[in-house]
Amino acid sequence: MDKTIASLAEAVAIVENGMTVMIGGFGGAGAPIELIHELIDRFRATGAPHDLIVVNNNAGNGRIGIAAMIDSGMVAKMVCSFPRSSDPRAFTERYLAGNIGLELVPQGTLAERIRAAGAGIPAFYTPTSYGTDLAAGKPVAEFEGRHYVQERWLKADVALIKAELADRQGNLTFSKAARNFSPLMAMAAGRTVVQARKIVEPGMIDPEMVVTPGIFVDAVVEVAAPAQEEELIRQGVAR
Amino acid sequence: MDKTIASLAEAVAIVENGMTVMIGGFGGAGAPIELIHELIDRFRATGAPHDLIVVNNNAGNGRIGIAAMIDSGMVAKMVCSFPRSSDPRAFTERYLAGNIGLELVPQGTLAERIRAAGAGIPAFYTPTSYGTDLAAGKPVAEFEGRHYVQERWLKADVALIKAELADRQGNLTFSKAARNFSPLMAMAAGRTVVQARKIVEPGMIDPEMVVTPGIFVDAVVEVAAPAQEEELIRQGVAR
Amino acid sequence: MIAKLTSTQIAWRAAQDIEDGAYVNLGIGFPEMVARFQPAGRQAIFHTENGILNFGEAPKKGEEDWDLINAGKKAVTLNPGAAFFHHADSFAMVRGGHLDVAILGAYEVAETGDLANWSTGPKGVPAVGGAMDLVHGAKRVAVITDHVTKEGCPKLVKNCSLPLTGVRCVTRIYTSLAVIDIVALRFVLREKLPSMSFDELQSLTGAELLVDGEIGLLTVPEL
Amino acid sequence: MIAKLTSTQIAWRAAQDIEDGAYVNLGIGFPEMVARFQPAGRQAIFHTENGILNFGEAPKKGEEDWDLINAGKKAVTLNPGAAFFHHADSFAMVRGGHLDVAILGAYEVAETGDLANWSTGPKGVPAVGGAMDLVHGAKRVAVITDHVTKEGCPKLVKNCSLPLTGVRCVTRIYTSLAVIDIVALRFVLREKLPSMSFDELQSLTGAELLVDGEIGLLTVPEL
C-alpha cells in the first residue's frame, strides 16, 4: 500500500463542481497553500471546479490561499466561525455584494460537527449558542435542568490538509498549532488529500506520535518547502 | 503548580462511598493495579469506600485488580461492555447471585459516552444498538433515512488511570495499547488520579507527544515498577 | 454426513475477498484466524478496538508485551506503519465507516441481514464488547460461521430468534457449505461446495436461497 | 469628567483574581492583556482555542514561528509543560467545563448574566469565533469592559439589545469604574472607584446595583 502521489495536480484532480471541501488551517498555521493554489490554477485553466462549499475556521486573508479561491470566483459558500482576518477583503466584498454564501458556526460547534461526521455521530447536543440567533430553527432539549441545542454532523467530499510528516500509509504528524482542524477534517471527508513537508517510509514515525492514523488519509503529496500564509501576506503576494 | 502527591494512600483518599469511579485499562494494558489495590486495602482497613459504581471495559480477571475489588464487596455495580475474561469468577459469582449490578454498554458507545461527558456533550445519536435489547427505553431518531439511538454522557466522580510519563503539571503519555479508555476517563471525571511509571519536570515531555494535557489531571503519583495484570494472574496472585 | 469446510478453511475463503490495502477488523476468536490467510501480494491493515492499527502476528511465547494486546487480550506485535490511539478514536474509525471490512462470528443471520451473535438469552452473564459498533461500522460486514448449529439446525434463518446484535447489517456470509450474499433482504447463493446439491443446501438453510447468475464452486485447499 | 481606569488597569484588576495554577482562556484583543499582570508567585496556565495549553509571551520581532500562534493569530511562545491538541479536544476543554476562568470583552452585559459581544447587528460580516463556546465552558466567566460606550450609554443593562452570545453566563464584570458580580440575576456591586459616589455609578449603569455587605475600593496602580 502506497498512498503517495507524484503531483499537486493529481492531488486536486478529485475535486468536482459543487463539492464540499474542508481546508485545514487556522490562520496560516496548517493552511495547505500549495494544494489551494493548485486548485485555483486548475479552475483558471479549465473553469472547474466551481460552486465549491469551503469549510475552514476563517474565510481567507489577503490575496492568497482561501482568499484567492474566493477572489477567483470558485467558491459558492463558506462555512466558518470567523470570516474576518487582518485583510478580509476577498470575502467581505463578495459577501456584502451578495455573491457568496455564509454559514456561520461557533468554533467549538464547527470542530465538534466535523468530528461527529468522522465518528459516525449524526447529531449531538451542545450548550453552545443556546438562546442566540445562531440556534434559530434548531431543536432544543433539556438535560439535567440545562438547555442544549441539537447540532448535526458536517461532512465533506474532500479534505485538503497540511501535515509535517507523512508515511506512505498516510500516518501523519503536524507542526505545533498547525494541527488545529486537520485531524478532524481528515476523518470527516470522503477523500482526504494531504500535502506533507516530508514523506517517509512506514515505521519511520513512532506509533505513539501518529496524530492522524492512515485509515483517515487517501493521498499524500510531498511539498518540501511549503509557503507560510503570514510570510506571503507580509510580502504582498497575490495569487 | 505541582500535581504530584507522595503516596498511593493519599491518591485514593478522595474516593467516597457511593461514588462512580472510572478505572482505565483494557485487559491488563493500562490497569492501574497499585491504585486499585491501595483502594482495596483502605476498604479492608476502614470499611470505606463501599457501594462504588465502577466503569471499565471489563469486570475483572482472576483475583486481582478490579476482580479483587469485586471480591472484597466494595462494588455495587459495574458499567462495562464485556464482563468476561479468562477467569471471570469474581464478577460472575456475585452477578448470578444477584449481589452486583451491571449496566452493559456497547464498547464504542461506552467510549463515546465517556468522551461526551468530558467534552460537555450531554447526549448524542449513534447507530450502535439500534433495534437491539440494549436500546430498550432509549429515544430513537431518524437522520438522513437511517435510525439512531440517543445515548447520554457518562460522568464519574473519580478516574483512576495509569500513565507512562507524567510531568508535574499532569501532562501524560501512555504505553502502547495501555492508552485505551484512559485519556477519555481523565476528561470525564471530577477528579483524575494518575499512577505514572515516571514523573518528570514540565518541559521534559515533547508538547507534540502529550496525549492527555494536564488540564484533565488532578493528582499524579509515581509507581516506578507497576505490576502487570497478566503476570500476576500467571503467578496465581490474589489480593 | 456431507463433507464440509473446517473453520480454518472458512477463514481461508473469507480472506480471499480482502483487497490489498483494506482496513479490516476481525472479531475475537474464530474470525481472528482470517488474518493468517492473506493472499500473496496483498496486505491488509488490521484494526483492533483497543487502539492499534496495523498490528501483526503474535509474538513468540515468553516475548509478550502485555501493553501490546488485541481486543481478545492476546499479545500481538506491530507492523511498520502502526499507530496507537484511544478508544473514542478507535470507535470513530468503526462507527464512522472507515473500515473496509469487518468479519464477525454469528449465532444466527437472518435473510434481512440481521445478526445475532452476542447473547444466547437471559441466562448467564451478558457481554457485548464491540460487536454492536462493528456491525454499523465497516463498509462491508461479513460473517463466518458453520452453516448449521451443532444440533444441525440452520444458523441462516428467516428471522433471528436470539437477541440481535444489529439490524440489516450483514452483507456476506461465509459458511462451512457456501458463500451467500444478502441482497435486498434476501439470501443470494454465490458459491456452494461442489459435492452438495442446491436442494441439500436449501434444506440446511432456514430461508429461501435465491440464485442470480451462475453458482460458483466453493473450493478451498487442504489446510 | 470622572477619572476612570484605563484598559490596562482594568486588565490588571481582572488579573488579581486569577488563582495560582488556574487554567485560563483570554478572549482575543483587549482580554489578552490580562496575562501581563499575573501577581507575583502565581502562575496561570493559558489555553488558546487553536490547540495550545501553557503558551507564553510573544516572541521577539523577527523570531515568530507562524505555526505557533494564538486564537488571535498572534505569534506566541511555549512555557515548560505546554501541550498541543486538535480543535475538538480544545473545545472539549472549553465546553466540558475544564477551564477555571474565561475573560471576554462585551458590547453589553445584562443583569441576568446574558452577554452580547459578537454582533452589532445585521450590517457587515458576522463573526463569532469561539465566544459562544467559551461562555458555556469555564467555571467562571468574567467580562472586562468600559463601564459605558463611547457615546456614554450604559454597557451594563437590564436586557441586552444586541444579539446574544450566551444566556445567563457571566458571573463577574470588571469595568473602568467598578467590579460587579451577577448573583441571582442581579448586579451586586463589589468595588467602585473611590472618587465616585454610588449614585454617580448607578446613573451610568442600566440596571439597579445591589449592595451586599461593604463596597470595596477599586484601587489600581498607575500602569
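Chains here go by letter, A, B, C and D, matching the order in which they are written, and residues are numbered from 1 within each.
Heads up, the rule we're going with is that a contact is a pair of C-beta atoms (placed from the backbone, for glycine too) under 8 Å apart; a residue touches a chain by one contact, two chains touch by 3 or more.
As the structure is a computational prediction, the values presented were derived from the model and not from experiment.
Steps from chain C to chain D, taking the shortest chain of touch contacts, total 2. Rounded to whole angstrom, the centroid-to-centroid distance between chain A and chain C, based on C-alpha atoms, equals 36 Å. Separating the CA-averaged centres of chain A and chain D is a span of 30 Å. Within chain B, the positions touching two or more other chains are listed as 112, 115, 119-121, 126-127, 174, 176, 207-208. Residue positions 52, 84-85, 88, 91, 94-95, 136-137 of chain D are each in touch with at least two other chains.
By the document's touch criterion, interfaces exist between A-B, A-C, A-D, B-C, B-D.
Within the complex formed with chain B, the residues of chain A that make contact are 112, 116, 119-127, 141, 143-144, 146, 148, 152, 173-174, 176, 207-209.
Partner chain B is touched in their complex by these residues of chain D: 20-21, 23, 43, 45, 47, 52-54, 78-85, 88-89, 91-99, 136-137. Only residues 48-52, 64-69, 73, 84-88, 90-91, 94-95, 114, 119, 124-133, 136-137, 163-167 of chain D touch chain A when the two sit together in their complex. Those residues of chain A that touch chain D in the shared complex are 26-30, 57, 81-86, 88, 91-92, 95-96, 102, 104-112, 114-115, 126-134, 174-184, 211, 228-231. Those residues of chain B whose C-beta lies close enough to touch chain D in the complex are 1, 115, 117-121, 167-169, 171, 187, 201-203, 207-208, 210, 213-216.
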